[in-house]
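Each of the next two complexes has chain A plus one other chain: chain B in the first, chain C in the second.
Showing the complex of A and B:
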């Protein structure tokens, strides 16, 4: 209880405690972090500068857009950050949703142009729905017939989508039967519902098919969402009606705008519908309404800026990365070169990778986590397998390229450099990563859920199906998407399996020889003309990075969405 | 330790058995005194049917023996409590009854454990079928991250008993004394409920499939005193229809709600088993008395 300053010597200002080494260590760590970040940032800025060449624009052009777009948006952003955070969130979503919607539209547009006609899409969707309907109907009618359900599960898609096996398989069966001395053959293959639809003599026009198979289901989904949220069937019907009317308006307005009715309908379904639903919610809740100003001012700013630039005659930057680059094939002249076929090739390769690695990877992860023994000699073997999956994740990609070359081209004899070979080779490369991340996700499901389920008398299958997988799915998806991000940038396997150095036409099927973005970028890097090596290459890199960024953002959005719940 | 909060206003002596909310006036015996109690060997010959009978049951985790030669019988439609210090094997024994120990690779069970006359460790017993008859409620409330409705319906759905599902879910929630609180939010996530409500939901989930026995592993130890007393009331009601076996750290809880008490002590041995009242008032073994009076454990 002494009130005077006591005479003690423990407080350390005689430097009996030495902080010097700690501070030095902290400073070193900071320097390492800063060095890494700054050098990557500089590199990206350098590449972006090469790709966009902003300094090639007139000073007036830059000033105009800085004044009409950048300045107001920056001011708004500061305002949201300081004073109105909900509005900031609204601004973020209303700016991001249209971008995602436009990207989706672009994806579907490319699909309809390059991969399958609208009729084929219609046939595929209808038969998939029919297959799903058959499976669900069987589940309802005979809920206890588990084995039967398995047959239906695999049989329904065969009947509706695939048809009986193709001719080669039938010959195999016939030959085999003949070798065994049996006269048996599947001389006529049974065609599937999908093929029946494709052969219909009269089919509705394309716009009706598009409306029915893409716009209408999305409109109904949006309508159901709104009807639930507002507890009003009328509101739901209003959404469906407005979407359909908006889409039909495209028959007139689409061609007038030069994007065709298809483009308009896709935009209505992927951009107008979600944005409309979101904005309606914001306005009704009256929370963060000011955030809606952000996209409006962005659009207005661009419009005003372009008017001013036109009137004053300022020239814009001579950017390498422009609409032409994204929509045209590579060329001998740098100015005409584009990345479109390689982009389509990359997207198709990703489809192959997803179809090949997701089921295999997730299946392996489920087995290793839920079924494999953890004790005894078998447990040790499983541990060995798991360690080696980790090792496989570290094997150089060029080795996987070699494996793909040997396996799919030399042995299976698929065409060299085709999309399916590229997809499978790169798929093998990311398979360990998918397995490991799916294992992590499954392991993170609390054991108490499994205990609860087993305690209820659930079988292992029921527990996995109803409790573990639904809980682990967001984590599995996140990990898989991040792995796909790695896959899309892999170059060495593509070189090994002989992906095309440059193609002028986008691939039409999965067995076509194609180029992919990293392969295309690599071949630009060895062009003689400097414009290729500096400009076109940089534009390609930025495109690739943008695709990667979108994929990683998707992964993050999925993760955050489910973490919040 | 939240369960200790419960003890603060209760006397800690043996009359605690009389201070519960049972209709019996205090002083009257809680259980039928005519039942002859035969402790330690566990073959309590009560007039009631013995649903579960352990015969010389040993459990090992790897090289460690967790239970040593347990022999006891658990009577039908009564609450049997198992008390003892941490690590004495009472939870292990509970998990033997519905073969949850099968899920632990290192666990090994020797001896016999009969459920309705059938040794559940026979080769022809499917633990899944057994668990459909013997439900379980865990220490920490563990509802699935699904809606309240789906949680209760889970057991019915996995057993393909989906007729009159709404009705069965409602009945189960009513029996678990939760219906009034969740009636109009059945489609809300079960994780939004409070801890006590979650635990009652887990009880509803367990009784929805109408098992014969309900095992409870310290069901109230993670709950506050009010939620605990609701769970205790519920357990007493459940004993009218189900055989309840409950593991608890809380001796007052055991004294309040149980008809029979088994005392496990360190080393995995069952030291004394008999009517709750006689265990708490007049234990035969000195070690049990020491434990109950708080001299150790």
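Showing the complex of A and C:
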């Protein structure tokens, strides 16, 4: 190789390299990437067309809204994309935040209408706070009595929320006692603080309860956030005061608008408060202020458009997906069919899933990442657990349905098709996904954080609770929300555990038989009438996908906000 | 750290703290061990009814039977297996080449901007609920196949299989892309150094080097296709049928009933005998065994390629 003379023969040919083959290959690969996306996009367009039927509207209606809403917004979007990216993000968040807030409002409204009265909510929240208070107080007073604390940890909720088991679980206690050779049974129930509150002879009016247990805590949370960010207690108090006054205004304005004071208060707490805080921050930072124009122009455009449409008398589209669809039950006639009871069923199922999988999943992830030894017999066990979790994530969903059927219905004897059974079966299905994503989030916390905490003399649990978990929380939340998105669309387990094909009334207890959104959609898919097949079915699909879209967008926003740091 | 404060006692531990730490450890261990419990209960509960089934039906008749008729208590697995096989093969024909090509594009050709759009886009495909894919197949794809002149029935195996294929593209592409990006750059540079073009490096160096990862993604995708339920329940019909080997094309236009769909149908049937009910668990156990094995194999292969380049 050390020769200086170029006496090496050139073995290549002198013609230039042919690029055609490479180009063709690249284009083929790009086409393959786009194939799935484009075909699903086309299918979605067909479904959306069936659900909204935009072509059934007058041409004037379409043109008006295109001119007042679509054109300005499209122009703004191009402007943000090209020239002002921070403003684009502000526009994205300020448009998305109200949507999430309205959905939350809807969720709570449904809960108050179907599940529990405001008084019951008040009793539940108060007794949960009391339980938390007891546990914290015990920790302060006797910081070193660890085993006593365990008793308090499990005893406090029993005293305040649950009470002793109701009569239908008496057999559990008596059987257990009989097995131990004692004749003992809880023949008289000891009721909890929650039930005491429910039986109070005098209770404040509903609006006061709602203000105190829902609006006020959120207002205080917002106030604390602002007080910290601006380092000013006055600002914090201003936020709390403004929120409370705004909510109280609902006593007058709510009924006038036809949403009642409850609807108004929920909107203030879930929409006005977060949007206000976000907008204030944007204005203060002077970053991307132009993004605020987007929602303003959207609202203005809709307002102007509706005035013009009214004046000119253009008819809107005869959409299948409308308010009636979202608020009524299914029906034999396509025009009256709606998805409301199934939506309530899905919401309640999600509550069960969150309660059942989040603590267990995060706990398992913490063990696997923070405690698990890598050697010895325990190390082998942990490897087995890890492999097993990976495999469980690949078990078909229909098998989980079969597990739910065999375990919860045939052995535990819970009612077939009830929400608890559905929630637990689907919960087991997403448990591996929750564990794996929580593990990733915990793994991404730098080790130096842990070392610093240990260096301060913190124990392992203190390190986990005060350092690792707060750092990993955004990641854990993102993963959990994505897993819940998967859960909300799962259908096969629901079929196996016998969820109702169609219900006319929304469930109002967790042991009620219910239908869920995907189950209802599946029922509609076997209707042969075109009005169902190309109307109701499409509207149901769009509703389900819209819920999924909002959940996934929330997860992505959380991830993006915290990944940067 | 002023002089008058007494030296803090940093060596002793408060009473009970060690016990508390141990307790948290055990509670968390319990959470982790729950996953093992889930696996055990799946196997145990499925096996319980499956064993009842196999005491009444000869396993040879079950695994070798060519007829599945609930009403006459004839339980042969082969017709259901035919449906599953067709779905798997057709969806693999769509998803495997497409997925690998997408992975090649994303890992070797795409600009950062393109990747930031296409990658989440592909993941959306895996996030769409399967019942929605089923409705796509039944309401939109089957009529479309008719308009382009294919003689498909209302319920046919072709359109759900196409949808399953599209659904599993992201599984293939994301795992294969991981495998390709973990091929060290030094290999690529060595290829370029030899005067190879980008095409030659991609097909001659990167793809072979990532082969085991790609292969493991294939197996995982197949396992997903085998276990897919809602798409075939909605769009493939409820007629168990044997593969027509004499005229293979005829199979595509007809409805089949894969294993998963049969389980759903047995469960929702109005009057089903005790034997029929336990046959559902036998099918479920078979399905579980197949997918579990495939997943294990896939993980093994994937672990091997990770070792290779670390």
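Everything that follows uses one rule, which is that the second predicted complex is superposed on the first by the 462 of 565 C-alpha atoms of A that agree within 3 Å, B and C clash if a C-alpha of one lies under 4 Å from a C-alpha of the other, contacts with A are read in each partner's own complex, and residues count from 1 in each chain.
Here, a residue touches a chain if its C-beta (ideal position, glycine included) is under 8 Å from a C-beta of that chain, and two chains touch if they have at least 3 such contacts.
Because the structure is predicted, anything quoted here is derived from the model rather than measured.
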First (chain B), second (chain C), both or neither touched by A:459: both
First (chain B), second (chain C), both or neither touched by A:318: neither
Touched partner set for A:287, first chain B, second chain C, both or neither: neither
Touched partner set for A:35, first chain B, second chain C, both or neither: second
Chain B or chain C, by number of chain A residues touched: C
Which of chain B and chain C A:143 touches, first, second, both or neither: both
Which superposed partner A:448 touches (first chain B, second chain C, both, neither): first
Chain B versus chain C as contact partner of A:399, first or second or both or neither: second
Touched partner set for A:375, first chain B, second chain C, both or neither: first
On chain A, positions contacted by chain B and by chain C: 143-144, 457, 459
Complex interface listing, chain A residues touching chain C: 12, 17, 19, 21-22, 25-26, 28-37, 39-40, 43, 46-47, 143-147, 149-150, 359-361, 363-364, 366-368, 371-372, 382, 384-385, 387-392, 394-399, 402-403, 405-407, 411, 428, 431-432, 435, 457, 459-461, 482, 485-486, 488-492, 495-496, 498, 518, 521-522, 525, 533-534, 537, 541, 544-545, 548, 552, 556
Touching residues (chain side chain C, partner chain A) in the complex: 10, 14-17, 19-21, 23-25, 27-36, 38-39, 41-42, 45-46, 48-49, 97-99, 101-102, 104-106, 109-110, 118, 120-122, 124-125, 127-132, 134-136, 138-141, 166, 169-170, 173, 195, 197-199, 202-203, 220, 223-224, 226-230, 233-234, 260, 263-264, 267-268, 280-281, 284, 287-288, 291-292, 294-296, 299
Residue numbers on chain B that touch chain A, as the complex places them: 98, 100, 103, 105-106, 128-133, 135-136, 138, 140, 142-145, 154-155, 157-160, 162, 189, 202, 205-206, 209
Contact footprint of chain B on chain A as seen in their complex: 143-144, 373-376, 379, 446, 448-459, 462, 466-467, 470-471, 565
